[in-house]
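Starting off with a structure, shown below.
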Amino acid sequence: MNHVVKVGVIGLGQMGQIHARIYRKMSNVDLVAICEYSDERRAKAQEEFGCKTYKHYKEMLADPEIDAVSIVLPDNLHREAVEIAVQNKKHILLEKPLAKELADGKAMYEITKDYDKVFTVGFLLRFDPRFSMIKRALDEGELGDIIHLYCRRNSPIIGPRRYIGASDLSMHVMIHDIDYINWYMQSEPVKVFAKSRSVLLKEHDMDDVIYAIVTYANGAIACMEACWVLPENSPTTIDDKLELVGTKGVAYVDSCDNGVRFVSDKRIAYPDSRHWYEANGETSGDLSEQLYAFINNVVSGTKSIITPKEAYDSLRVVDAIERSIAEGKEVEV
Amino acid sequence: MNHVVKVGVIGLGQMGQIHARIYRKMSNVDLVAICEYSDERRAKAQEEFGCKTYKHYKEMLADPEIDAVSIVLPDNLHREAVEIAVQNKKHILLEKPLAKELADGKAMYEITKDYDKVFTVGFLLRFDPRFSMIKRALDEGELGDIIHLYCRRNSPIIGPRRYIGASDLSMHVMIHDIDYINWYMQSEPVKVFAKSRSVLLKEHDMDDVIYAIVTYANGAIACMEACWVLPENSPTTIDDKLELVGTKGVAYVDSCDNGVRFVSDKRIAYPDSRHWYEANGETSGDLSEQLYAFINNVVSGTKSIITPKEAYDSLRVVDAIERSIAEGKEVEV
Amino acid sequence: MNHVVKVGVIGLGQMGQIHARIYRKMSNVDLVAICEYSDERRAKAQEEFGCKTYKHYKEMLADPEIDAVSIVLPDNLHREAVEIAVQNKKHILLEKPLAKELADGKAMYEITKDYDKVFTVGFLLRFDPRFSMIKRALDEGELGDIIHLYCRRNSPIIGPRRYIGASDLSMHVMIHDIDYINWYMQSEPVKVFAKSRSVLLKEHDMDDVIYAIVTYANGAIACMEACWVLPENSPTTIDDKLELVGTKGVAYVDSCDNGVRFVSDKRIAYPDSRHWYEANGETSGDLSEQLYAFINNVVSGTKSIITPKEAYDSLRVVDAIERSIAEGKEVEV
Amino acid sequence: MNHVVKVGVIGLGQMGQIHARIYRKMSNVDLVAICEYSDERRAKAQEEFGCKTYKHYKEMLADPEIDAVSIVLPDNLHREAVEIAVQNKKHILLEKPLAKELADGKAMYEITKDYDKVFTVGFLLRFDPRFSMIKRALDEGELGDIIHLYCRRNSPIIGPRRYIGASDLSMHVMIHDIDYINWYMQSEPVKVFAKSRSVLLKEHDMDDVIYAIVTYANGAIACMEACWVLPENSPTTIDDKLELVGTKGVAYVDSCDNGVRFVSDKRIAYPDSRHWYEANGETSGDLSEQLYAFINNVVSGTKSIITPKEAYDSLRVVDAIERSIAEGKEVEV
């Protein structure tokens, strides 16, 4: 067993940079290469991380020194990048979602389902203690069977302005909830009614808000809300709520306030102290836990807790949500 | 640079077990030995961790295979264990407090202040994002100068019943706050007025509650509360609050609700999802971050952010609190 | 202008008793009569309130001494009681809902719309400062136009067990939210998709939970949740939440914690300190404010802020929710 | 028994105006007169309230038409105004504190202790359901004996800037807590250690913050914090907290968030929805409850729950706090 893993990061946008910073702090990871198409960003990343750089991921994935990669590319490039990474036998952490199109997701599921390296998709809430504690309570039977649940993942309008044309609300935001709800339900999603509205983002042809009511084969109902047009000055980065009502108990997540608050001339802020945060000069949090778990999977030869099937199932629900919105009625998943 | 660190844990009580479980999940740590005086606990730990075991820490510390140790012994054994560990050139993570007696703390400070291996003391709130974000805001000047702060660290009566005769409230609980407050203040504590009361723990000659008002050289005031007689059925494990008022802004920590809640037949609980928690079968949280930082210090040859001087200074404030309570008046630190 | 109002209360169940207690504390109200069909309850009420009693409301309503009445009867008796009260020219406060059946509600709307005495329906959230402050912010334009809102009104299973056969979730609980949402929207509700589930209350043929998505003529979406099967030991009596997202701002109500909490041997409770509560031996809160407003309307000859049209419109939405659940698809209001 | 009470308000500053507005909405109160020394304010008040006006309270108190008065004058005028009101046999609601000087308070206590009209002092938290519910739980024995309590009453720096030279922190703010703590304790305050600091208000010779530790005859400890230099943009008007630890249970008040929140271009605000608030065009809340209780006392010939002795005792604790700050040591009350 080799304890040291040589890692490359593909895509040095905002999230890719965070992956790279987390890898850099891990004492048994060598961040050996980064890949970024933009010359400016690539130069900047090289300055920060001081490792080999590539402009094209195809070339980087052919580099035999690299054991494992984080793929943090735009959604429409996920399929090709994963196909090449699989051909090159890399351990793969792919940022969510699996793919932009359902057909691509299906194809990716086929080539990764029996892959003998680590393949995982970046649903970081699986590594958030609040959500994993509820999974555990469900598995241990404390909450009984799920009757229904409500969840919310709302954020300021600053976010979608960065993604104009690149992603939409169901695919970018709601998919986080879809993933953990499927994980909790242990039952197939069968029907979806969804409704959206576009006011503030209408000019960009994007949804302001989506409500989706998903019915599972076991009868359980999940009502999901995603909205990314909260005011710019919202103190909370992500207003992330969950209420799960079971036959024997209830569980709640509320992250409107993550335990630390600031009021100063500069801001009224309830900053994220969960997903990724900087503490004592290092980046930690759920994403860091996910990357540690990925590296542990690589070193120990184990599989991720997030399976290709699950990543594909999340995409199927997103697809049903979009169809229901378009057709104006409840649809089959 | 050797990426793999061989670690031993000394003392397999509740906390020592958690140290061992965290080391076990780290892919570049080999948990090679544990030390536990109780035959029963030692046998149990060997079964769980499957490594070498020692009954006496003196013997374990002489083992040349071991690079680094966590010392999780009763407070009165800290001095001897550290002295032997230093003689054996081990990297050392010592659980707080530095020592039970001020004189011991002074002696330990002297032998560790210029130690050329890692020496750190387990003040895990330094690795809690809520507290470290406030440190950063202070360092960046966002909050201005500290005018005053209030903090609370209260918990159910279940805790002290485990520590009867072994530790007291100022030393066991309040010292966490003293450490980070000193870290924030960047000024010497000069005067302390403290008041305690003993009702529910009177028979054990322990304090129920302590209030301490500490005045710093820069004029700032810190009012601390520690109480460990909350009802057994308190939903919150630790009611941990901080309010810091600066000349340019304020900051708050509130951990009464850590973002996840359960109501079931078995419990109404707002479980700890910060200090140490189990998620997906692994133990994570602030303590895990602290141990990762310790290992990173060992691998990279750097120093801990917690210095021997700081660990000793916390002890000096505890000593002043106890003197003020005994004398019924404000005392010098 | 006569400052003293002579009041009668019809129906001395749980809510009727609270009405009577509130009237009793008002120094310009004489509680002159109570009406209760159950001999046992009537005797008990007479002992508590020491006024005239009636078994049949028809007789009480014929009493010329009485100026104003609170009607706190089962829903199916509302129509007849109001008709007789109108014939007798009483000022009327009718507990919600207007009626059990839409046709009855229509008829009642017709006879009260031009009534020259006070007629109001007990939607006490109109008198809750949290909800009325949001109304004011909407009226003043601070929040812009409503894009969407989510609300929740969930409570422990203790409640529905009292109403077996007498009322259902949409009519009894959700109607509170329907009323204030209609008030906020200033637009006609046009379409409803609703979904319910029955697990714990299946044997009683009652819903555990309802989700309803209401679309208004102005395009705004309201997603409502009502669930009354929370665990019996839920610390919160009513988990009442509102999130309203407007084009210029957002507003939230959260009453999970109403500002006061108890943990003792007897309970972990976040008691209601809003709707009706006892303080210093008197019953106060939103309901008390509503009754004060009713008496002020009577004395000053003004109309209630709750109109017959609004009470009828709430019933129309309840009716659409029930039709959508039955038909399994979105329906017109 | 005359149900209609003729009321006058003396002092039409911010608080006096609120008194007047509340009286105006009461259907059995006639607001017959207001008194205001400032010509400008008096003219404005006459326009709003349309009743008789007086420049000098001595003249108004001689008006035989008036049954009852609210005295809302600067603290240093309280004694004289109460003396004249007593001579004129008025029912009196005096805004807190009883007096500015302990000697004045003593004299006022003497003339009001056996007064045969209503005399009460405006400690509105007695009428706040959160605080009165805790009083009830204490009286019923649910919480056992008080071991200790902590309370906080902090607010933005906007407040003290209005009171420059007129009042100080202990007298203006902390006295609210002193009143209800004495009410809870049912034991004499015997010793006080207090510490203050002045930074942002130093130029005005006012305290920024005070901590006071009060020891009661029964051994219970109360730690109080008052600070009125929070940032101007604090979302919370009053950060009002209470933690009470008893031998059988604990109770908490937290009003940092009063159940309703706004985020808009204009503000991030958690407005007061307790002390006094406007809803549907009327002013309601704790202060309104207090005025209703005052009128009920007047009409029914009963006494207020706030006694002259209690009002004087609060002043004695304020005096001890100021002495402890001045002397730098614990003092006797």
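Lettered A, B, C and D in written order, each chain numbered from 1.
Basically, a contact is a pair of C-beta atoms (placed from the backbone, for glycine too) under 8 Å apart; a residue touches a chain by one contact, two chains touch by 3 or more.
By chain, with names taken from UniProt: A, B, C, D = Gfo/Idh/MocA family oxidoreductase.
Bear in mind that the values here come from a model prediction, so they are computed numbers and not experimental data.
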{"item": "Pair exhibiting more inter-chain C-beta contacts, A-D or C-D", "value": "C-D"}
{"item": "Greatest separation from chain C - chain, by CA centre", "value": "B"}
{"item": "Averaged-CA centre spacing for the pair chain D and chain C, given as whole angstrom", "value": "34"}
{"item": "Interchain centroid distance [CA atoms averaged], chain A/chain C, Å", "value": "43"}
{"item": "Separation of mean Cα positions, chain D and chain A [Å, integer]", "value": "52"}
{"item": "Multi-chain contact residues (two or more partners), chain B", "value": "230-231, 234, 248-250, 263-265"}
{"item": "Chain D residues touching chain C - in the complex, by the definition given at the top", "value": "3-4, 25, 27-28, 126-130, 132-134, 136-137, 142-143, 248-255, 257-266, 271, 273-274, 277-280, 282, 284-285, 289, 293, 295-296, 299-300, 305"}
{"item": "Parts of chain A lying in touch with chain C, wherever the complex brings them together", "value": "145, 147-148, 150, 152, 154, 193, 195, 197, 199-200, 208-209, 211, 213, 215, 219-221, 223, 225, 227, 229-231, 234, 239, 243, 245, 247-250, 328-330"}
{"item": "Chain B residues touching chain C - in the complex, by the definition given at the top", "value": "230-231, 233-235, 263-265, 268"}
